[in-house]
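Data block below; observations after.
Chain lettering (A, B, C and D) follows the sequence in which the chains are written, and residue indices restart at 1 in each chain.
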Amino acid sequence: MKKINVGIIGLGRAGQMHLHNLMTLPEVNIVQLADVFIDKFSDKLNELGFTNLTTDYHDLLNNPEIDTVFVFTSTDTHEQIVTDAAKAGKNIFCEKPLSMNTIESASVNVLKEVKKNGVKLQMGFNRRMDPQFRDIYTQVRNGNIGNPQIVKITSRDPDLLPHDLIQRIGGLLFDFTMHDFDMARYMMNSNISEVYAKGGTLIDPTLKDINDIDTLALVLQFENGAYGLIDNSRKAVYGYDQRVEVFGSKGMLKAENVSQSTVELYNETNKIERKPLPIFVQRYHEAYIAEMKAFISSLLEDKPVVATGEDVIMAQRAAIAAQESMKTGKPVKVNTHFSLA
Amino acid sequence: MKKINVGIIGLGRAGQMHLHNLMTLPEVNIVQLADVFIDKFSDKLNELGFTNLTTDYHDLLNNPEIDTVFVFTSTDTHEQIVTDAAKAGKNIFCEKPLSMNTIESASVNVLKEVKKNGVKLQMGFNRRMDPQFRDIYTQVRNGNIGNPQIVKITSRDPDLLPHDLIQRIGGLLFDFTMHDFDMARYMMNSNISEVYAKGGTLIDPTLKDINDIDTLALVLQFENGAYGLIDNSRKAVYGYDQRVEVFGSKGMLKAENVSQSTVELYNETNKIERKPLPIFVQRYHEAYIAEMKAFISSLLEDKPVVATGEDVIMAQRAAIAAQESMKTGKPVKVNTHFSLA
Amino acid sequence: MKKINVGIIGLGRAGQMHLHNLMTLPEVNIVQLADVFIDKFSDKLNELGFTNLTTDYHDLLNNPEIDTVFVFTSTDTHEQIVTDAAKAGKNIFCEKPLSMNTIESASVNVLKEVKKNGVKLQMGFNRRMDPQFRDIYTQVRNGNIGNPQIVKITSRDPDLLPHDLIQRIGGLLFDFTMHDFDMARYMMNSNISEVYAKGGTLIDPTLKDINDIDTLALVLQFENGAYGLIDNSRKAVYGYDQRVEVFGSKGMLKAENVSQSTVELYNETNKIERKPLPIFVQRYHEAYIAEMKAFISSLLEDKPVVATGEDVIMAQRAAIAAQESMKTGKPVKVNTHFSLA
Amino acid sequence: MKKINVGIIGLGRAGQMHLHNLMTLPEVNIVQLADVFIDKFSDKLNELGFTNLTTDYHDLLNNPEIDTVFVFTSTDTHEQIVTDAAKAGKNIFCEKPLSMNTIESASVNVLKEVKKNGVKLQMGFNRRMDPQFRDIYTQVRNGNIGNPQIVKITSRDPDLLPHDLIQRIGGLLFDFTMHDFDMARYMMNSNISEVYAKGGTLIDPTLKDINDIDTLALVLQFENGAYGLIDNSRKAVYGYDQRVEVFGSKGMLKAENVSQSTVELYNETNKIERKPLPIFVQRYHEAYIAEMKAFISSLLEDKPVVATGEDVIMAQRAAIAAQESMKTGKPVKVNTHFSLA
């Protein structure tokens, strides 16, 4: 079996989840792990059999045994680490986005470096690999609903995040809605050309202090003439809510939210089922594994990755436009042209 | 049993459907029927036992035996007939809207006449009485989902209408979306204060010739701070599609579309169910009867009607704003104040 | 329009329900009503417009204007009334069964009289006309699941019946399971050839005093080699529960129970839906109307009825076999041959 | 982390599936693998990192490093291997049943050896650990449906098995229905006291040659007075079908079958969903992992196992009774007493 020799950078909550997923893949040989706070995790990592640990991710980039790095650090470090990894000739999996900066040039510079060094880069748009959404995607491509005309995405988090975390990851639009922009574009196979957004703090008014919102409703126009509707909330008390619907000239495809259990209890008062899954970790468990498998097979078989840097830029542009739209109270055009040349 | 003595004006397709529904209500005594083309229907009506027929609705208004008229004529006649009926002191059930005119004063004049004559007027917002939507409405009012924050309405017709019919009934916004505006406002118990609409002809480009659209996506702002999302299509090949969802601080309520049958066929290739109901006649059958029952009990027990003239005006204002929004490419404010005084 | 001139015998709860349904059918002209306690209902009936009332059903049989009678009296009177009606040359709709007697000859004598007089008789196996079950029936006949191999029926009442009522209507097997025997046979298009039944009083032990049970599980063998499973309970606290499933060589058809509403409430603890419909009146509302329509069209177009006297005899035989099986603790063969000749 | 040092015996299809599942559990240290045909698998196993391979399972029993063995060999070897492993003082996980012999004493002898040597034995009743069924189990125990009165189990395989395989694993009753007997008993928390079974070859008549059936319908009586209904088929063309329902004095719990995807396609002809999961490997993937986790935590925390040897004996007794019932055409009593003393 051909193996991918892997270094992992960032072992916080997300990093550890991905580490466990990567451990189940036989093609992955995990060589070295890096985290600035690696000492906090070293016992746990030793127990899992990992002893080659470092606080400095450059050690991984300098390790000739490693051909591929996975970047699970906080958003503000992506720009630097991905650039360095590209220069070191490593293939890269990185959580979105590529940069905190809402000015696109930072991300573009990263991508230029990736291109120049001829390495592969896959971005963490995990939802693309959710079995339900992937099923919709495939059926849309197969023409099962004809020409797509409307995409509807509902995406709700189960609870408010701490303000300091929000500031590190960039607010609702850049942390959360970003996924929906990508999903909308992915499903419609067309770029977003205009965004109109209404958002506010219907749940936590103090979010205004950090210039964020908790509730969002927006309308998209796609380059191909189709429309999109997205609604977001930071606090769905019933759990994580993730739904996609695509309507077209020959039908509709619809993926409802996923529950903890499908068992139905009928009693004297009601029919009762369990709530949806609590949060992304459970909801996208299969998607997280699938995106890793997809990346590995892109490397082994030299195929295109399922989510590129350009995909992140395009989602980022929509988020920036939505921010602008809320500020001006008007719809905002989105540049649909992209070229690294 | 106290009976309501009824005259029916307009016996086209809608009128005949309502006539059959009214015939099943024991409190309703149908005295006289009017239609300019009554001769076309007279055989059928005789067979049902109705012999007091006229081409002139004034005959009903002059008939002292009749206390209540039902108006099912084409939209362009509502203004005149309702005004005349009010002057004649008859209680009135009328299909929405009150006038073709997109300038509100025409409708207001009708309502002033209704008020002046102290008669009851119920408008045909039948969807308010759909058992599923009514269940959501009741649960929202009971506080089951706390404070409503987002309402989502999907409303799709099964097929394009003839252009001449569209012109008579006022186009997508005034014929179809009007119901959704009312539903949104009804569910949220708050007036619509702003509309942003994107619409186009993704199905039938020749609709542009009559200044109409077939596909619509819009975002609403409510006076109470909540948001709304509506999507419309004139051609859902799978049938009539009518869904409502209300999301709030303590939960979510959701009514999926209604199918012809819930029987599931599992075969070698798929799990297969029947399509949704074909069109409003079947989908809102119970709602049409329920709105009649509600009106009758408003009359018999002197209670408020379930859908007033003001409700129509408010929905009309949203439709006018949506039209303006599409023209200008900007969100449009909606006046939330209303008074006949 | 050709009309059926109808007399109705029996205006208790069931009779009144059917009366209201018959009133909505334009082909039905209700001429006269009979009930031994008609005085109790006369005000209500007058209000509905019925003035030709009698305590003696013979008046209807002697009324030359009436061509068809509907028999909704208690089970113990069916034998006599249907026999008299047949002799009077009236077409007959009668609730099942034909006789209280568990010895078949009583029912056979009734059917001989019907045959001799050349009148039509339809029995009240309303569930055959339930839209869901009818859909399964049609799809089975269309070959959608190939050769049927297993039929499963779940049938549960919402609550215990008074002992005196049970005694009048014949106990669980003869009142309730009888419908399931008929449904099983109807779906499989094959006669029941053997029954093994286990039953007991898991809910109300005092039912033993009147020789009845409240819980039943049984296995059927069909003449064509297929199998059936039926389970019954008198007390499903969540409401009336009626389900049918047919499994075959090319697939499966399944009709789940019907709920009051499909609205879903998601809150902090659960996903909650409303309970199933409370009782047969609501659950089989459409079926009751459909069986009347079917009977009327049998009369008007001289077509076979949807549920015959033979169907009742066959279901009765299965009930008698189940009773015997519980008594002996062994499976009991059922005679599948039937001929009036 | 405390680890369990494991030897695996049997690396056929089932063995390899379990091996992959065990590899994902950090508490499991796989020391040695045995299979009489290990040479066929050695390349694949080497690639997974396993080099300590043997054709003789006694090597594992003699390996002092190993404390626990997993037995995934064919049914006819269970008796010998489990006996040997118990004598060697190893804890044992073994697929059901314990012996091919339909005379119980063989299994009892194995269990006596297990008891004598004070080792833990968990049997492979994986379905007990299916998340849906486990949810029902837990809710029944919590009293959510009061006193259980009826259990219904539908269990259908997607396709016929080769005759030689059937002969090795013991036929429908001993290979397949065995799981349902265990599930029924597990859900009801009561022993099966009587079985009445009807079975035949509705699909493959040549099964008669090897004394097997493909279709089964049966009724159970439980010691506590409750009833059970089971139906089986070897060929559900739509996939693997596994459902459980428990009805009680205060409600009902129901787990429907599991589909490949919940995506709904609505098109011009139908509403279409994907078929159920194809076969046990996918359907019980989580259950297989969960039963391993449960066994490991039984070992690490010295807790009772989730499925004991007694559980297998009890299911085996029901299967033997069902066999006898089909032979005699009568219900057969089941001994509910069990003691190894």
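Keep this in mind: a contact is a pair of C-beta atoms (placed from the backbone, for glycine too) under 8 Å apart; a residue touches a chain by one contact, two chains touch by 3 or more.
Note that this is a predicted model, so its numbers are computed, not measured.
Both chain C and chain D derive from one sequence, and where they touch, over half of the residue numbers involved are common to the two copies. By count of C-beta pairs in contact, B-C exceeds the other of the chain pairs B-C and B-D. Here the spacing of chain B and chain D, counted between their Cα centres, is 58 Å. Distance from the chain C centre to the chain D centre is 42 Å, each centre being the mean of its Cα atoms. Put simply, the C-alpha centre of chain B and that of chain C have 39 angstrom between them.
Residue positions of chain C touching 2 or more other chains, listed in rising order: 236-238, 250-252, 266-268, 274. Across the complex, chain C meets chain D through its residues 147, 149-150, 152, 154, 156, 196, 198, 200, 202-203, 215-221, 225-229, 231, 233, 235-238, 241, 247, 249-252, 329-331. Touching chain C in their complex are the following residues of chain A: 236-239, 259, 266-276. Contacts from chain D toward chain A in the complex involve residues 1, 23-24, 26, 47-48, 131-132, 135-136, 139, 144-145, 250-256, 258, 261-268, 274.
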